[in-house]
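There are structures below to look over.
Next come two complexes built around chain A: one with chain B, the other with chain C.
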Partner chain A sequence: MRTLLRQIGLIAGRSLVRTARRPGTWIPPLLFPLMLMAINSNGLRAATHLPGFPTHSFLAFFVPFSFLQGALFASGIAGTDLARDVDTGFLNRLALTPVRGASLLIGQIGGAVGLGAFQALVYLGIALAAGVHIRAGVGGALLILLLAVLVAAGFGTLGLFLALLTGSGEGVQSTFPLLFFLLLISSMNLPRNLIEVAWFRDLATANPVSYMIEAIRSLVITGWDAQALLLGFGFAVTLIAASLALAARQLRVRMART
Partner chain B sequence: MARAAQGIEVEGLVRRFKQVEAVAGIDLSISPGEIYGFLGPNGAGKSTTVHMLTTLLPPTAGRATVAGFDIVKQGPRVRASIGAALQEAALDPFLTGREHLRLGSSLHGIGGVRRKELIERLLDRVGLTQAGDRKVRTYSGGMKRRLDLALALIHDPSILFLDEPTTGLDPQSRSALWEEVARLARDEGVTVFLTTQYLEEADVLADRVGIIDHGRIVAEGTPRRLKAEIGRSTVEVVPETPDELERLRTLLRRFGDETAARPGAFAVQLDGNGALRDVVRALDQENVHAAEINLHQPTLDDVFLAKTGRTLEGAEEE
Partner chain C sequence: MITVGLGLAYRQLTVLFKNPSLFLPPMLFPLMNFMAFAGGLSRLRHVPGFTFGSGYTAFTFVFVLLQSAMFGGVFAGFGIARDFEYGFARRLLVSAPHRSGLILGYAISALARWSMIAIVLTVVALAAGMQIGGNGVDVFGLYALGVIVNAVGLLWACGIAMRFRSVQAGPIMQTPVFLLLFLAPVYVPLALLQGWIHTVARLNPLTFLLESGRGFIDGRPTEVATAFTIAFGLVLVFGVWARTGLGRAERAG
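What follows is the complex of A and B.
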């Protein structure tokens, strides 16, 4: 166990360092959700007048989406970095060391998780500075950060699976619009009960991303909502577990050392 | 420094990729401390063999032991005994040389003061002490290859696999790397398995050479023996004036069989009765003036040609 943790630390350290040294890969993913937050919280402010809208502040309503969007962007880094390692042979270099597959996968998402945590802190700070009040208090804010990190880890691991499956950065990036589509067909702009178009409401209801957004939203707007939190954390953990299982299986194919 | 008492033993190793047989049943026996050159054109099966012997790719059939450990059943023990610099220096452009070595040594469980000393020693050995804190993306091709070699040596392996280590390097970097590889085998008793498509590299470095083509070993032996096996030296003479060509032809035929020559020149493959000095003496005695005399010794390319019917360069273009 000690060896596993040490190896995870080493791989995660490398992942964080290489992410931090490439501002071009993390500044746009940090800024784009902020821009969307600024535009939507002003442009869609009228939605707060809808009967049944849970808050008077569209910023408070919309800010959880930024956490998810940031996490999704961050996840791309884990996938493309691993794809590059496959392509350059660095994965083979690691395979020749005593590193375990689990250490490799968990450590490899270190950059995405670190960036996810940093983004979440920035978004939370900006939201608080803009007057958003976290109803669940300091404990709720910490839980928001935790969920943001879990979501970044979940999408990050999915990125690893795609990298191992395709072996190319282009392969990972080509799936990004599909993942972004999942964000768009969620309850990002309206609570599900206020979505009038039935098919869209059904898609948003079937979409796990909606529940991750709603878990964060509940902590910001409602306070402590056990059901929302259970669903949000449940889907985030399920995403991590499912992606990890897929990535581990694919790693055995890609790194077929005896 | 304790070195493995066993080198590399390979029996009927095969690797198929669907319908393609990349390695078609090779046998090898490499002694500890030996530099073995594995020569062949691109796609001949060199890298696939290295990947199998370094446990990165399971063989389809056959068996092999590296440092006495079975490559299929004892993968982790094989990896603990070997170092490998595979094709294209696999480095992270955003890490420094020193960070690469720190990561590599830590993953091998080397820590503390020992790790620090080891890193400094290896950087010094490959001439990268000054550049150790620079990011790898600023390194030249030769510097990357040297760092690659340092990484392969980080856990003090007894067997070293070098897969085309000098491809793309300038002559100076190439000869520096040759020197270090030769020193490792000579002074530290490291067994070196070196794949290359450069004839000169195999000729200069290797104690023995195996020539692989289409997944099969077509020739094996010391470079000298292989070259001696396929033939004799060729002497080609260009006469000072074209009207001397006929006399030159008559004279040279006494020393061997006619062979292909450049226009305006005449060449013979020297038989047992003649050496270059005899040819020169005869030219002088019979007053045939030569503008140019060339002695062509058999090369490994001639060996490749004799064994496969193609030149190595021609095989590359296929």
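What follows is the complex of A and C.
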């Protein structure tokens, strides 16, 4: 167990340092959701006049989307980094060492999780500075950070699976529009009960991303909503577990010891 | 110059059709945006003060159409940067008798690519029940604006690509365009925007193009002269920007 933890620590450290050393990698994913938050929270403010809209502040309503968007970008970073390791032969060299597959996978998402945590702190800080009130209080804010990190880990692990599946950074990047589509067809802009078009509402209801957003949103604008939190955390953990299982299976193929 | 332009445009389009990875993202992004806006935000038409006769689908279609036109030009800029990075553009500079034809060629291919996107987007929008209040002339006006916006996007990205000559300049091409587009009245009419974004949108030149395009599709043309003056002005400014960029590339060798 100690060996496993040490291996995870070493690989996670490498992943974190690698991400931190390339500002071009993490600055745009940090700033882009902030720009969109600033623009959309004002551009869509008129939506708060709709009957049944749950808050008077569209910024409070929209903030959770930034966490999800940041996590999605983190998935690209984790995936692209691992794809580079595949491409440069680092993974093959690693296969010659006693490092375990589990350490590699859990460690590799260190960069994404680190970035996800940093992003979440920045988004939360800016939201609070802009006047957003967290209805669930300090405990709720901490839970938002935890969920944001879990979501970043989930998308990061998905990125690892895609990297192992495609073996190229381009392959990982080309899946980005599809993942982004998941964000677009969620309840990011309006509550599901206010979405007028039936097919869109159905897609948003079937989309796990909606529940991750709604869990964070509930802490911001409703308070403690057990159902929303269970669904949000449940889907985040399921995403991690499912992606980890897929990535582990794919890793066995990539790291076949000869 | 025209021969150079047509030759290069033919090559660009051949490359495009042989690489779905280059063709599909610019096609999918506007469709995804259209689905998200028209499907997810249509309730906004019930916001007090929202007066647009042709419905929310048409309202959002105009934005997505102009966005796809602008980004169609910007994505073509990635191709120019790639040509410089791989050395192909240097061979073009050596072989082309009229080098301005290179900009023309890239512009023709960008327009051809956007035309296909515009057709698909229009078909999808009509299938989704988009109402068009304007007549044939109005619709022509809307697409004419799209063509000019596509040229503006291409000339802007071309100027960047020829100055940096690397695909790493991609974010510099995209980010200002993205900001300019989303600082216009995207989701609701200008009158319903509040605070700083209303001030910024009022000064944003793209707002006039967007409002004019929406006027065309609604059958109530508005700000037409202003919009076309701005659009042609942008072509002129970014035409000079692209040509001076070509000059820089020529000097760099």
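In the analysis below, the second predicted complex is superposed on the first by the 257 of 258 C-alpha atoms of A that agree within 3 Å, B and C clash if a C-alpha of one lies under 4 Å from a C-alpha of the other, contacts with A are read in each partner's own complex, and residues count from 1 in each chain.
By our rule, a residue touches a chain if its C-beta (ideal position, glycine included) is under 8 Å from a C-beta of that chain, and two chains touch if they have at least 3 such contacts.
Since we're looking at a predicted model, the values are computed, not measured.
Using the contact criterion defined above for the overlaid structures, shared-chain residue A:Val138 touches neither chain B nor chain C, since it reaches no partner.
Of the two partner chains, neither chain B nor chain C is touched by A:Met1. By the touch criterion defined above, A:Ala226 reaches neither chain B nor chain C. Touch criterion not met for A:Val253: it reaches neither chain B nor chain C. Touch criterion not met for A:Ala129: it reaches neither chain B nor chain C. When chain A is checked against chain B and against chain C, the one touching more of its residues turns out to be C. When the two complexes are overlaid on their common chain A, residue A:Ile39 makes contact with chain C while staying clear of chain B. In the superposition on chain A, A:Trp199 makes contact with chain C only, while chain B stays out of contact range.
Overlap of the chain B and chain C interfaces on chain A comprises no residues. Considering their complex, residues 3, 6-7, 10, 14, 17-18, 21-22, 88-90, 92-99, 255-258 of chain A touch chain B.
On the side of chain C, the complex with chain A involves touching residues 21, 25, 28-29, 32-33, 35-36, 38-44, 46-50, 171, 179, 182-183, 185-188, 192-197.
The residues of chain B lying in touch with chain A in their complex are 54-58, 71-73, 75-76, 78-80, 82, 84, 86-88, 90-92, 94-95, 99, 103-104, 106-109, 135, 151. Across the complex, chain A meets chain C through its residues 28, 35-36, 39-40, 42-47, 49-50, 170, 174, 177, 180-181, 184-185, 188-190, 194-197, 199-200, 203-204.
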